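The letters A, B, C and D name the chains in turn, as written, and every chain counts its residues from 1.
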Amino acid sequence: MTKLNLSLPGLDLKNPIMPASGCFGFGKEFSEFYDLSELGAIIIKAATGETRYGNPTPRVAETSAGMLNAIGLQNPGVDRIISDELPYLSNYDTPVIANVAGSTVEEYVEVAEKISQSSTIKALELNISCPNVKEGGVQFGTDAALAAEVTRQVKQASEVPVYVKLSPNVTDIVGMAKAVEKAGADGLSMINTLTGMRLDLQRRKPIIANQTGGLSGPAIKPIAIRMIYQVYQEVDLPIIGMGGIETVDDIIEFLFAGASAVAVGSANFKNPFICKELIDQFPEAMERYGFDQVEEMIGGAHR
Amino acid sequence: MMIREEMEIISHERIAEDTYRMVLLGDLPAEIKQPGQFVHILIDQSDSLRRPISIADADPAKGTLTILYKILGKGTAALSKMQSGDHLDVLGPGGNGFLIDSISAERALLVGGGIGVPPLYYLARQLKEKGIEVTTVLGFQHEASVFFEEEFRELGEVFVTTNDGSYGNKGFVTDILPDLDGRFDTYFSCGPAVMLKAVSEKLDGYEGYLSIEERLGCGVGACFACVVQAPEGDAKGYRKICHDGPVFRTGEVIL
Amino acid sequence: MTKLNLSLPGLDLKNPIMPASGCFGFGKEFSEFYDLSELGAIIIKAATGETRYGNPTPRVAETSAGMLNAIGLQNPGVDRIISDELPYLSNYDTPVIANVAGSTVEEYVEVAEKISQSSTIKALELNISCPNVKEGGVQFGTDAALAAEVTRQVKQASEVPVYVKLSPNVTDIVGMAKAVEKAGADGLSMINTLTGMRLDLQRRKPIIANQTGGLSGPAIKPIAIRMIYQVYQEVDLPIIGMGGIETVDDIIEFLFAGASAVAVGSANFKNPFICKELIDQFPEAMERYGFDQVEEMIGGAHR
Amino acid sequence: MMIREEMEIISHERIAEDTYRMVLLGDLPAEIKQPGQFVHILIDQSDSLRRPISIADADPAKGTLTILYKILGKGTAALSKMQSGDHLDVLGPGGNGFLIDSISAERALLVGGGIGVPPLYYLARQLKEKGIEVTTVLGFQHEASVFFEEEFRELGEVFVTTNDGSYGNKGFVTDILPDLDGRFDTYFSCGPAVMLKAVSEKLDGYEGYLSIEERLGCGVGACFACVVQAPEGDAKGYRKICHDGPVFRTGEVIL
């Protein structure tokens, strides 16, 4: 019998596959396509202290084997997420991870405090890596001291374990990971998007109204694998891996590199059924590579 | 309900400059709720994003739907190379279209610009079936890009404008509108943003429905790629084109 | 008449298109495919002080819309490059740019001094961004002070203008560019590869023997465009742009972003005729976007 | 000279487990210098690297060449889906093959393992034409993967081994070699690195030529992806498989 389940801080996962933040809304739309209880977990769209409208449109552009986005953390704000979105998700037998964002440490703390009190939320994903907002977001994710500070304070405020989502737009990913580990993070989530740009040749301007956007999709997978591989060697925290996952082989590559679980982002746009399909195909893929427990696969490339 | 399926291309032909008609066969047409909905097509499996294309006509009983599209970039260029018998990865039907069941129109004006014309055709057919009188204004760049004039003419009176005057009336669709004053009670429009803005200003006071375009991500309402602002005071503050739209009542969103 | 030519420090380019370092050897192999005099310039493979054997094989792996390489600066050493390789290139009416690498500042200086004395060499490309060697290379490219120091010393030693090749594996690309500008660089070349990894799922090990490799190809183009766009706004140096170029539209995107000329790397592997084909197609593409001078296109997205 | 052209697939068939034979038509075969050279194929335009495949046979007069390949990963899987009449982007012929013109062999031993067998066939045909006697040892995993036994038998004596004994002799090609002592003066081998190493050790003392594989980048000698170390004392210190090889004389490179 293949054993798909595993336990991570705060999370009892029935399988290691979940949708990534920002690519699955608050789940409702996808519940029309399949039963959300099949998912290992759900990472919901970023929450901020107040309602945010986000960036002007266009907000997305296609690139080779990838896409750019600059949504700009549009969300109804933490209070309305708690009142309007979480009740629906509590109908499903799947742990929900809240993605927490902010412009200031205080905002991060406020959001973390509020949302971690919801019984539906089993862990936080601390988003210090959103490249698409002017304030907050990525500067916390590219400065180790700031990253540690916000991690420390959110940890104190949170009722549930905190996974820190790292930005790949840094010189030293291992240094960032160590800094948040020392600050008390319970886990890591990596990677967020790489900052990129595409120009519209007719208009001679960036396609994305925000000019730059976050690059996701298969194009960035080699960078994600490298970073997870390096961090796994130096840091003792479980990693939720993401960046370009489209197939069960991709998932196995992430696990071997050192991820304990994985999140699927942009691929939900190509195929809204992708998470369910990957979960269905996963046991057979494990067997093909000679495994019957997910846990045995984690960090497989380091042995 | 939205479904995803490999639809079969049963016909595909060029109907104007860079403009193609494609008929697709599958289970999806049975799910169409209203004219104005769209299908979200993954043209090549290595693409990262699907392409939204309006449903230009459908025959749910036969399982067919028609799309009309113009070559604009990489995706539509690749689409134009596909052949009858090939299969296409289609997700849909998406969004909310023209809510014709709740509309009390008696005489409808349809205003379409360029590749905004397609969804109006399926709408026109359904309005006609409901006994609503249909007048259509179609705007194109020049003679070579004109399409579907005959098809609309079978359903009512048609006016065609071209920017350069090479066919029909020279000018923009808005140049025709003053002449039509009093000949309709409700209007429906689809086309480039600038055109929609101009049309809605000219037809201020009429009940109107606009179909809006934006670059989509998911196409199912989950990613917030496609939002358009709602006027001050709106509770939510925005609408998602892919999910709440693409059709909105005038005033529901800021153009 | 379209005007393809332009002058950059040390370089009279008959067109803005040249092969990128490491993807064209020392030119000889490609001279069987077309006349090298058609090229805007040629950037030759990295030169170090001594012969280097490089990394163990496998040294390349394919990724989605890209590839990884970890050649490890294999080269015959600066003396034999001067004696064995440059004479052949001097037969062509094309400026040659020497890519200069080293493990220490002294080695960079030695190589720069020697090779810049060759009358065939019209400029240096200072490679402080090779991610595939243990010593030297990328640490110079990820630390602004080190980058400035090696730039300053190489500038003193070189008889020809120095273009500094920046690494994209940094938090702050603009800071790096400003540092080398202040240190006296005559131009920039960007971007080198992003550090990535791919695992062999059967062997459960990195495919590339060196474990990590440099990611190149269309996958990285949005990152290159973003970095060039940002640097162009803040720095007053001409930029040779590269990263994923495969089509004339790609070239135009680089020029609009702020590059003055472009280099084509991995695409030479897919199609050894690519540089010539792009040069042939370029005038028509310029016209399509309404230009008849390359110079007018540079930085077009900033106006 | 190497050329790049769109060659037409004129036949394509499965000949053993996961193993296919494909015949290509074009101008390229006229450029082949020796057996043992390879073609470098861009299977899909969105791939970043070409795939090297040995020329298994050729008829320069007719403009055809044959390749035999095994499905190993993404590229070869995609290749196996292509059909007669399709075109393939081929660069070649690449590298230096078996320099049969300068070889003074009278009796040749050919040792091929798995997908290393193909280049030996074109070699065997040319040796035979020159009046050189050919003995062949072919090693496969199991019965289902055996191919080209008959083709080689038409050119001389053939021994087949399978790892599991399901066909021919059980064991490795090296198990057969002792029996053949004295029946040849020169050997030619192609197969996995471990096999080449074992073969060259067993046949130490004979003149031998080995065809070596490595992951290629450019395939034209420019990128240094494919180097193999030369023994201590060699002036250059390395060889490029794509350009100096893939065929080397034993001892020329370190296995």
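One rule holds for everything that comes next: a contact is a pair of C-beta atoms (placed from the backbone, for glycine too) under 8 Å apart; a residue touches a chain by one contact, two chains touch by 3 or more.
Small disclaimer: the values here were computed from a predicted structure and weren't measured.
Within the contact network of the assembly, the step distance from chain B to chain C comes to 2.
Between the Cα centres of chain C and chain D there is a gap of 36 Å. Averaged C-alpha coordinates give centres for chain A and chain C that are 34 Å from one another. Inter-chain centre distance (chain B to chain D, centres taken as mean C-alpha positions): 57 Å. For chain A, residues touching at least two other chains, in rising order: 63, 65-66, 217. For chain D, residues that reach two or more other chains under the stated contact definition are 46.
In terms of which chains touch, the assembly is arranged as an unbranched chain of neighbours.
Interface note: chains touch in the pairs A-B, A-C, C-D. In the complex of the two chains, the chain C residues touching chain A come out as 63-66, 68, 142, 169-172, 194-199, 201-202, 204-206, 211-212, 215, 217-223, 225-226, 229, 244, 249, 252-253, 256-257, 289, 300-301, 303. Note for the complex: chain A touches chain B at residues 22-25, 29-30, 32-33, 45, 51, 53-54, 57-63, 65-67, 69, 71, 74, 76, 207, 217, 266, 268-273. Remark: chain B residues 1-2, 4, 42, 46-50, 74, 91, 214-229, 236-238, 243 touch chain A in the complex.
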